[in-house]
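Each of the next two complexes has chain A plus one more chain, namely chain B in the first and chain C in the second.
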Partner chain A sequence: MSFFLETLVGGLLAGVMYSLVAIGFVLIYKASGIFNFAQGSMVLFAALAFVTLREAGWDFVPALLVTLVVMVAGAIAIERFVLRALIGQSDLTLFMATLGLSFVIEGLAQLFMGASVHELNLGIDDIPIEVGPILVSQFDLLAAATAGALVISLSLFFNFTRIGISLRAIADDPLAAQSIGIRLPTLWRIVWGVAGLVALVAGLLWGARQGVQFSLTLVVLKALPVLIIGGFTSIGGAIVGGLLIGASESLAEIYLGDLLGGSVSTWFAYVVALAFLLIRPAGLFGDRAIERV
Partner chain B sequence: MTALAAPAPPETVESPEVLRRWRVGPLAIAGLVLAFYALGFVVHDYWFNAILIPFLIMALAGLGLNLLTGYAGQASLGTGAFMSVGAFATYNVLLRLPDLPLPVSLVIGGLFGALAGVIFGLPSLRIKGFYLTASTLAAQFFLPWLFNQYGWFSNYTTSGSISAPKLVFLGADLSTPLGRYLLTLTSVVILTWLAWNLVTSQVGRNWMAIRDMDTAAAVAGIPIAFNKLASFAISSFIIAIAGALWAFAYLGTVDARSFDLDRSFTVLFIIIIGGMGSIAGAFIGSAFVILVPILISNVSANLFAGAIDAGQSENLQKILFGALIVYFLIKEPNGLYALLLRARRRLALWPLKS
Partner chain C sequence: MNAPEPFLVVENVEAVYGQAILALRGVSLTLGEGGVVALLGANGAGKSTTLKAISNLIRAERGQVSQGTIRWRGRDILGRDPSALVSDGLVQVLEGRHVFPQLTVEQNLITGAYVRGLSKLRIADDLERIYAWFPRLKARRQSRAGLTSGGEQQMVAIGRALMTRPTLVLLDEPSMGLAPLIVEEIFEIVRQLNRDSGVSFLLAEQNANLALRYADHAYVLETGRVVASGAASELARRDEIKNIYLGGGSAAAAKPTRH
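Up next is the complex of A and B:
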């Protein structure tokens, strides 16, 4: 039983990380209807930039701030040069554009900061601590707490501030929102900037766990099932979806993995998402019904 | 989420007298095909493997995806998976039923691909647009895992990779570069001809009606479910044959990893850059994704010889390729084929302005 619990908790903690990445998607999706494939490469870019600064002897806080400035500047550049030129194109075209963007960002990151694996030490010891009958990694707990704090502050920000309300107006009806004076480009810049911040936090936490390397970009592929389960437009949904995927994935790896011969986790999340699509296509918390025929 | 926006309608407002001279007739296409056959007997062996064979196979895969996405309006990111089905199914047919002639084995491999397409296309009956990509992504992650995991599919080779058996048809050995080229070219010509007939027939018009507005199509009496599944089946059939050719006529030895998500993205690039909903678009797009990286690497090798190492030039290529994609999407969202049509009209009316 305690083994089951440990697996479950481990999965839930990994799920928090999925949620973190998924939130970056939700924000951009709400503001512009884009499924931003470049989110994964933004995670890589942020983590690499931070590690490079740290290795050059910078202190923690300046390195963090400079990385953040770079991410926000990048977000503004993306809005100005790519998104603005693509207003009104189909979903698939926009998706492909972010795919092209992800090539550019990955290429830039590796061009300037190298392709080797970097150690990232955030100064948190990874000691297992006992919680009741089970062992939990201290690092995972802290990472989950950080992610949780970020998630809560973002939900508060987007639920109660003027910017957040504008965002919901845009998500609801872009044309009506613009006609009452909400500036879409400004909002896009803000949202992409925040997505850059989320990418930075996710990059640091993931990077500290598995090393800063190219495989960080693959996180993006886990975010799609998370979004389908949670609903594309709900921050809360992203959290719940992430937890569900994280937990079910690690349970499946343990209990189904032996049966089927291992590495079930590469596709399990998608099968869960597929089941959701067939039963509840809008996701748990999605607010827009998907058109059906 | 809106459904996939329809590609721009073909430019119908043409003044016949002027444009007739510029129309691509059946004669021109026959000439092009003959030229490609003739090309096989004049070029150096390097050309086959570096350019011609991958160009043709990727064009074929692009054609398959274009039927599904460009004509029937169903987005898919599972192209790589369906290619892998074709490769592994054809391999097993060749291995276990060695008496069958090669074309029959290829067709059987294609039929298995069609079956996989229908299975993973089933969610399209309930969901539309971008959400559908999740279903095809499930195929993309599940099928190559399946082929990698169970040794039976690769006849229990230790590496899990499959190698081309001897390619023989009517006593002719097709394992030489020229033979593989001719095999590929012939398959591409036949399948393209079939696809062309399909999209200009009632089936193709039904698909386009569903793509443009499925409710209206249903009201007009077009069976939606049947047509959607048919588009998945036929598209996957073509893609699976492309996968088998990729494995045996191009690479020779493959494992499931050669059909990863990147392969799916490449094919998607092909149809978006080339032009959604046009058969020529698949070929133009394929030429783009095959030739541009070669061009970039040659140029960078000559320009910066010695100045930057191989890893850096690979990064530069990646940046340039990504930037080109974004640039083309901004400049011509309907693909290079639309650009070509426009150029043709300008030329036809020259020196007048259209």
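Up next is the complex of A and C:
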């Protein structure tokens, strides 16, 4: 029983991180209908930039601040100079643009910072600690707490502030939002800036866990099933979806891994997502258009 | 001495969509401060395009004004940022009741106040003002706007625009698809707003019969051109207007409407 609980809790902790990355997608999707495929490369870029500064002898805090500024400014610049020029193009064109962007970002990251695997140390020891009847990794716990704090602040911010309600208005009807003076570009700037911040936090936490390497970009493939389950437009959905994927993935790894020949976690999320897709195409919390006249 | 220029002056405006479809072919009209001017014409005549050219929402539809001038309060406003126009007091209510369906009625109204950056307290005052004009909305304030009736949605759209504290409202086909009784209610509120608060209205309508009862002046559009204009009372008496437009308009108004 306690082994089951440990597996479950470990999965949920990983799931918090999926939720965080998924929120980065949801915000951009709500504000502009763009599925930002480049989010994964932004995660890699953030981790690489931070590691490079650290290896060059920078202290933790200045390295963090500089990376933060680079990520937020870079994300805002992408919106301003790449996507703004494509306003009015089809969704597919916009998606292809972010796909292209992801290769450019990866290319730049490797050009300036190299392609080798770097170790990233955040100064948190990965020792197991006892929580009630179970053992949990201290690192996972702190990582999940950090990601969770960001997730909660973002959902409060985007649910209760003027900016949040404007964002929901834009997601519902961009033309009507403009007709009452809501500025779309302002919201775009904000959500891309937040996506930069999310990429930084995810990049550091994940990079510390598995080393800073190319595979960090694959978080984008983990976020996709989360979005299918939670719906592309719901922050709450991203949270629940992330936890569900994290938990089911880790349980499947343990209980189905031997049966199916290991490494279940690479594809199990997609099986869960597909099952949801068949039952609820709009996702658990996705906005189903109600009476669009 | 020149007489002061009218409140809104549209001169010889030509508008295209996607650089190919010519929707307006030289539209000119004026509106005096505190006036209610109707813009009449069949479906596709260019009424909505004229309003969007003024509010500059036309750009969001991949259209643009290719010729002509638009002046409001003596200033050239052609191509200005729609948001800047709204904060100066010029707001458009879109055709077809564009409410934010997932937001509540009250949240919809509140979004109209954002452009002015007001405190919560001032917003609450303004909300009460809107509820005084549209008591039905107060009763439904916590409902999702997408789940309210067509008439209520039209009231939300108008109320939300009024939250921007406009001096000029471009109102696009408020009667579309609504039952006659509701339409009367909405037009009565428009008249009251105009008389009590001095808000000017440029009102696009297919239902000429109805619009001419509330407007003081009107223009008739046909395939992107003004083909007739004059005082509303005078236009209402003209035979050709009656035959072409009032017939269709009153027939549409008499039809029972479902929603």
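To be clear about the criterion, the second predicted complex is superposed on the first by the 288 of 293 C-alpha atoms of A that agree within 3 Å, B and C clash if a C-alpha of one lies under 4 Å from a C-alpha of the other, contacts with A are read in each partner's own complex, and residues count from 1 in each chain.
Here is the rule we use: contacts are C-beta pairs under 8 Å (C-beta built on N, C-alpha and C of every residue); 3 or more make two chains touch, one makes a residue touch a chain.
What you see is a predicted model; the values in this text were computed from it and never measured.
Engineer: Figure out whether A:183 sits in contact with chain B (first) or chain C (second), or with both, or with neither.
Structural biologist: second
Engineer: Could you say whether A:103 touches chain B, chain C, both of them, or neither, answering first, second, both or neither?
Structural biologist: After superposing on A, A:103 lies in contact with chain B but is clear of chain C.
Engineer: Compare chain B and chain C by how many residues of chain A each one touches, and report the one with more.
Structural biologist: On the superposition, B touches more of the residues of chain A.
Engineer: Can A:155 be said to touch chain B (first), chain C (second), both, or neither?
Structural biologist: neither
Engineer: Could you tell me if A:146 is touching chain B, chain C, both of them or neither one (first, second, both, neither)?
Structural biologist: neither
Engineer: Should A:213 be classified as contacting the first partner (chain B), the second (chain C), both, or neither?
Structural biologist: After superposition on chain A, A:213 lies in contact with neither partner.
Engineer: Both chain B and chain C contact which residues of chain A?
Structural biologist: 290-293.
Engineer: Report the residues of chain A in contact with chain C in the complex, numbered from low to high.
Structural biologist: It is residues 88, 162, 165-166, 168-169, 171-183, 287, 289-293 of chain A that touch chain C.
Engineer: Taking the complex as given, what residues does chain C use to touch chain A?
Structural biologist: Per the touch definition, chain C meets chain A at residues 55, 57, 60-62, 81-83, 85-87, 91-94, 96-103, 107-108, 110-112, 114-115, 144, 146-147, 150, 153, 157, 160-161, 163-164, 177.
Engineer: Flag every residue of chain B that touches chain A in the complex, lowest number first.
Structural biologist: Touch list, chain B to chain A: 1-5, 69, 75, 123, 125-131, 133-135, 137-138, 141-142, 145, 149-150, 214-215, 218, 224, 261, 265, 268-269, 272, 311-312, 315-319, 321-326, 329-330, 333.
Engineer: Quick check: in the complex, which residue numbers of chain A touch chain B?
Structural biologist: Of all residues in chain A, those touching chain B are 33, 35, 82, 85-86, 89-93, 95-97, 99-108, 110-111, 115, 221, 224-225, 228, 232, 260-263, 266-267, 270-271, 273-274, 277-278, 281, 288, 290-293.
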